[in-house]
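Same chain, two partners: chain A is paired with chain B first, then with chain C.
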Partner chain A sequence: MTEETRPGEPLSGPTPTPAAGTRLDRWLGAYAARTHGMRASEIRALFAVANRPEVVSLAGGMPYLEGLPLDVIGELAQRVVQTRGTTALQYGSGQGDEGLREQILEVMRLEGIEAHPDDVVVTTGSQQALDLVTRLFVDPGDVVVAEAPSYVGALGVFRAYEADVVHVPLDAHGIVPEALETTLADLAREGRRVKFLYTIPNFHNPAGVTLSRERRPRILEIAQRHGVLVVEDNPYGLLGFEGDPLPAMRSVDDEGVIYLGSFSKTFAPGYRVGWAVAPHAVREKLVLASESAILCPSNASQLAISGYLATCDWKGQVKAFRELYRERRDAMIGALAEHLPDATWTVPDGGFYTWVRLPDGLDAKAMLPRAVTARVAYVPGTAFYADGQGADHVRLSFCFPTPDRIREGVRRLAGVVSAESELVSLFGTGGARPGDDMQSPGPDLA
Partner chain B sequence: MPHDPVSAQPRVVVLAGGLSHERDVSLRSGRRVAEALRSTGLEVTVHDVDADLVPALTEARPDLVWPLLHGASGEDGSVRDVLELLGVRALGTGPRASRVAWSKPIAKTSVTRAGIATPDFVTLPQSLFRELGASRVMDAVVARLGLPLVVKPSRGGSALGVTLVRTADELPGAMVSCFAYGDTALIERAVEGTELAISVIDLDGTPQALPAVEVVTDGPYDYDARYNPGRTEYFAPARLPDDVAARAAETAVAAHRALGLSHLSRTDLIVDADGVPWFLEVNVAPGMTETSLFPQAAEAGGHHLADLYRRLVEAGLRQG
Partner chain C sequence: MTEETRPGEPLSGPTPTPAAGTRLDRWLGAYAARTHGMRASEIRALFAVANRPEVVSLAGGMPYLEGLPLDVIGELAQRVVQTRGTTALQYGSGQGDEGLREQILEVMRLEGIEAHPDDVVVTTGSQQALDLVTRLFVDPGDVVVAEAPSYVGALGVFRAYEADVVHVPLDAHGIVPEALETTLADLAREGRRVKFLYTIPNFHNPAGVTLSRERRPRILEIAQRHGVLVVEDNPYGLLGFEGDPLPAMRSVDDEGVIYLGSFSKTFAPGYRVGWAVAPHAVREKLVLASESAILCPSNASQLAISGYLATCDWKGQVKAFRELYRERRDAMIGALAEHLPDATWTVPDGGFYTWVRLPDGLDAKAMLPRAVTARVAYVPGTAFYADGQGADHVRLSFCFPTPDRIREGVRRLAGVVSAESELVSLFGTGGARPGDDMQSPGPDLA
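Moving on to the complex of A and B:
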């Protein structure tokens, strides 16, 4: 750069020919090998539009926080700082606040889990627990077995640790035991090192399905026989629309299962508090790994949640959320039946999502710009696979928009599908190009 | 109230965001420019294009609006029409010329009249493929223009919906990708050569080219290559013989003039093996992000970015 010129002066500064070009990143040669695969995704850029109020976003997994008693929660937060400020604002235990860990046991008891407070490690959202578990177990090239499809944020973590994700199909009753058996046997025959099975048994993200009561012991038995750890990710378990929650897999196997829980969906993701329950030797390592990553989870968040659990009717709140989300699920399913008769979808018994198979020949990723133009957003199915499958699916979430907005969103989506179907039949092909999958979820998609 | 040059700094509103597919890029451009202008002492606010905009502008009466909107209403002149209605002075190209520049086929036709070379092309709406039969139309396109081809939406930027088609069987997929972004496609003969972006600034009615930025990628200069630092290597000034570089610069200035653009523009072109510059498209609101081409050109031209932006604002205040 040269010194500034003033208005009216000629603009031609000296322009020495550079010996080499620039890649606008002087540290390009310094990145770890795994960093070079990261991409700027035009799909993610499109979500910048999805956040505008004109757009009905059926994309994000954001809980409907207006359903919370925010005034009460505000007073609680204030009280935490006023009465326990020197603790709340100080560093804390790497394993998490002991009082909160006691309360977490009470939460997990609703799904049949009996544990000791020492078994619990509080983390910055269960996303961090997932990162820690993967860090502890996965060397580059190791296999992680996951459902097909699986949570985009988990796939991002597995990719970061250079795991090789092998998908196992699921159906309306969850992961298919026979397919798991075959997959694990094949991998063993190939001499592959399988480190764990990652599964979301309840109200699956994105598939919406739940692992049936009958299948749970079978999945555990297969995993145990193959010497494979099970990572049970359960953020939505308490958000079922019918009856009591099913017993968690961890409730019948405390040695073969690492359980991940979260307050993000049942309370508030802004506090970023989740947890892991692990066999004791694993738990010790989780604490050490967490301390090296973050020193300790936020005391302020933990104490606020602890106060909420102690003084508010949190079970009543979860029940209210269930009612709210059921109404929205019904709006979503009703609108799909009315407007998208050529698609098929799962009917979730809880949680936030339905998984929609588009009419033949459509590519959800290629269609997204058209959807954004029509002011509706979804997540293309390819985000939920490590191997490029899923182009014919979209994940629709019904957690955040009101029922009327959901109906309007599905109506818009139907117009988009219709226009795209016409286009595809006109040209006899889909329009997706490889290579621009989302590589990490971003907070909107969690 | 109009800006009082003695007592106060001009107040500038940067428009960024909007509802186009390039919202994210626009927001980043807007923040960068606002920050740079503030560092020169200007009072700058960034505003989205939303329901609050008209009342905000009516109340604030800024001395100048700098629209940094990419895509759709931001570049097609319609936001500028509204600014004119409100009597707000804006930096850059006015609504009528924006409308011409924004449509790639109309811009190409206009610059051709000024003697500028542009690759042969056709502009085809989706409805035409339906009416005439897609495969017949595609066959005719390939027969007429040959291969390789570039398929792109007739409007829009950031390479969204753009595909390089090397074989005829890649064309249908490219058409579908393109029509997801808009209902009219521009299909042009792909010119092999050096890819250049030449920014033009016009502070006093005499447009001048900044040094050409040469873009080298290991694949298409797509969204990732544009916004993920590292994928693309930039040479500024471009590695061209002086006479070729001068010809390319003249082309960008000629396009700026032919299209009646104001204050700033960026012309994308390709210089072929014979040194002929081929006009591809022009941007009236060039990107101003960390990886964008206009700021690189400005710095290669010896300009301090904030100072240059400030002088553009002053030019806008004088001429707007």
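Moving on to the complex of A and C:
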């Protein structure tokens, strides 16, 4: 090609490719090491099908938004632009709007957290907060300790930063202190660098269990004794079905805990507003990292949420959500008891999910295509482990479908399980590869 | 601490700290290597002062939003929530709303780009797109080639991923092809891995220059011959003051270029909506990386912009912005000629910035506190280099202040320059350390 080539003409001449590039991807040889495990989930294509209206999806983590006062929220959105437009539409603070950070303190006070607005960093959903925390702390090969099972989106982040995830078992009362103690002691003996414990104390995703009040100080004490930071991810804490929220771990340890919060489940995920509360020095670095990643969070989104908190009965709305989701939890648990007597499951006191152990010999991932054919979808348990465990479990969510649809979904699932069990008893199990579906199943599974 | 400790009580007992933790930061020993160069800019505190109303800020890159039809935009925001609320407020596609991606094609068509909606990935501002591209390609120690000078926010991203930035000179017609050729040949001889060329072809930030029509195919040919991907960052392309936009580099090479676009300068930054257009295989990885980073971009923001593009005269608005910024450019250039005859500067054909070389012997960073005291602010040239160059330059922006304020700001700056020159001729130069202000000066400098 010479200078005479005009823009608009295709490039001609030799087109050498970088080392190891291919016809399908000229840049194949150029990617960073951190991308090598990156691939679309095998179950992703199935979920495209699962989103069809005839399928009952017990897979997604989408909140049910039809109860929100859309008229009022729309008027608020209008007012923000018309009265504060040159702020709402402009760049803002990298740390987030100060007024919203004040209001976030009110939200967190419901779980016993006392903090200062300076401690809060507003992020593009709490997913970004988790990405930034991992960016700050994790070098390739560092250990992150997480519950077994753990949130699929967190495992994706840890993998993106080439962390080595070590799981610690959960039981009905949350992460098991003795197991955490043993794991951290073993890792210390092996000279491994543990960067943090990632935990979802309330209404766990996917396990549905809650860390008991008694265990909370024990977990903090163990982490502190081992010099391990705790990352407390708490999107569901206000969505408990009985009694008051338990005190957040951050409420008793402001130097050893990074707390992640979100409006996605208590209000709406479409604004993508979450936050982190971190010890002072960490918070400063979080702001710098966030500015590097996105410059600043959306002022339009932040002011819309700020207006909602200031003028709407947001606590009443959270209460309405709690009642809605409790009814759906009851529908789910009732249907499981009726249709899947050979399975076992957790009975969540809040949140969106139950964790179901299938009858012996079944493989949740191998069974998924047949379930989707039978017009019901779930997430196979392997998605929630970094190490291939979980084939005998499924996560069922009760947040989005109506109670009738939930019952119908469980009925369909029971039919699939029954047929599958029969096959297994005749021919033995199938052969799905464990762990393959850990990567990015997409926002549907948030 | 024992099991009896109740939540709410402060933790007592021994509080061992991780290796190398300090009283000021218990986690100091735990940070990842990528954070080691991370620190707040020294000039950041000054900019807090510079944002006071009595200071004329020629530092920021904030677009001027008062001309936007806020009433109409407010009504659109309302309509989106009231008619499509359960979509706008819900999680969305990790790749971005399909309708908006279609509309983005229309925007890009103005610069000769023909693409498919599948090629587009919507991001939280184009800053996030740049972060994700760097995440996909850069291992620590890899080379990124960038213009000298280059966008401060890009240099921050490259540093966050531990890239080694190698600068290639610009002149009045953009990046110099011969210099690019020599640099890439030298790097190849040294066996360095060059991951991409980062370039801002139109109305360069901070240099104000535009890559000429003639040079565009030459730059592409050189990059292609060396197997180097081109990242074309184009936030200002539609904001040219004369004639039609030049064809984007992406318009002539769809496999060798990743194009980054943004609504921040042609509409409003407060929604944080930008995008990347990438070769198919790269685009797939971008979506996975974005889902890991934020799950999905804001549906509320995307649908608000989609409504604006669909129902408002957005091309007319871009034209109004062009006229507004041309008038301000003229005010800036006129004032420079009048008040700073010993300096030299670029005369931009569009965008937000001019790049001013100070009279001999002046140090832009050392002078900044005195400028702020004289109620005018700018960004010292060192912010725009990875290697400490630039102390003899300042970036002046003409996007936000009115023409009168611009003239007043340049007049004040001239007073500071004059006093400083006198000091220099008496005592020699001061001693600011070069390169210190590269890190994250905050969203104000976008």
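The rule we apply is simple: the second predicted complex is superposed on the first by the 417 of 446 C-alpha atoms of A that agree within 3 Å, B and C clash if a C-alpha of one lies under 4 Å from a C-alpha of the other, contacts with A are read in each partner's own complex, and residues count from 1 in each chain.
As a working rule, contacts are C-beta pairs under 8 Å (C-beta built on N, C-alpha and C of every residue); 3 or more make two chains touch, one makes a residue touch a chain.
In this text, all values refer to a predicted model and were calculated from it rather than measured experimentally.
*Asks:* Is A:Lys285 touching anything from chain B or chain C once the two structures are fitted on A? First, second, both or neither.
*Replies:* second
*Asks:* Is A:Leu423 touching anything from chain B or chain C once the two structures are fitted on A? First, second, both or neither.
*Replies:* Only chain B; A:Leu423 stays clear of chain C.
*Asks:* After the superposition on A, what does A:Thr86 contact: first (chain B), second (chain C), both or neither?
*Replies:* A:Thr86 contacts chain C only, not chain B.
*Asks:* Between chain B and chain C, whom does A:Arg39 touch in the aligned arrangement: first, second, both, or neither?
*Replies:* Both chain B and chain C are touched by A:Arg39.
*Asks:* For A:Gly153, using the defined touch cut-off, is the partner it touches chain B, chain C, both, or neither? Pick first, second, both or neither.
*Replies:* So A:Gly153 only meets chain C here.
*Asks:* With the two structures laid over each other on chain A, which partner does A:Pro369 touch: chain B (first), chain C (second), both, or neither?
*Replies:* Once the two structures are laid over each other on A, A:Pro369 reaches chain B alone.
*Asks:* Quick check on the superposed pair: does A:Arg23 touch chain B, chain C, both, or neither? Answer first, second, both or neither.
*Replies:* first
*Asks:* Which chain, chain B or chain C, is in touch with more residues of chain A?
*Replies:* Counting contacted residues of chain A, the larger count belongs to C.
*Asks:* After overlaying the two complexes on chain A, where does the chain B footprint on chain A coincide with the chain C footprint?
*Replies:* Residues common to the chain A contacts of chain C and of chain B are 1, 3, 5, 7-8, 11, 13-15, 17-18, 21, 24-25, 28, 38-40, listed in rising order.
*Asks:* Contact residues on chain B for chain A in the complex?
*Replies:* 19-25, 27, 50, 126, 129-130, 134-135, 158, 160-161, 163, 172-181, 201, 203-204, 208, 210-211, 214, 216, 222-224, 226-237, 239, 290-291, 296, 299-304, 307, 311, 314
*Asks:* Write out the stretch or stretches of chain A touching chain B in their complex.
*Replies:* 1-5, 7-8, 11-15, 17-18, 21-25, 28, 36, 38-42, 45-46, 48-49, 52, 54-55, 363, 366-370, 372-373, 375, 420, 422-424, 426-433, 435-436
*Asks:* Mind listing the chain C positions that touch chain A in their complex?
*Replies:* Residues in contact with chain A: 1, 3, 5-11, 13-19, 21, 24-28, 30-35, 38-40, 62-63, 65-66, 68, 70-71, 73-75, 77-82, 85-94, 112, 124-125, 127-128, 131, 135-139, 142, 153, 156-157, 160-161, 195, 213-214, 216-218, 220-221, 224-225, 227-229, 246-247, 251-253, 255-256, 264, 268-272, 279-282, 284-285, 288-289, 291-301, 304, 439-440, 442-444, 446.
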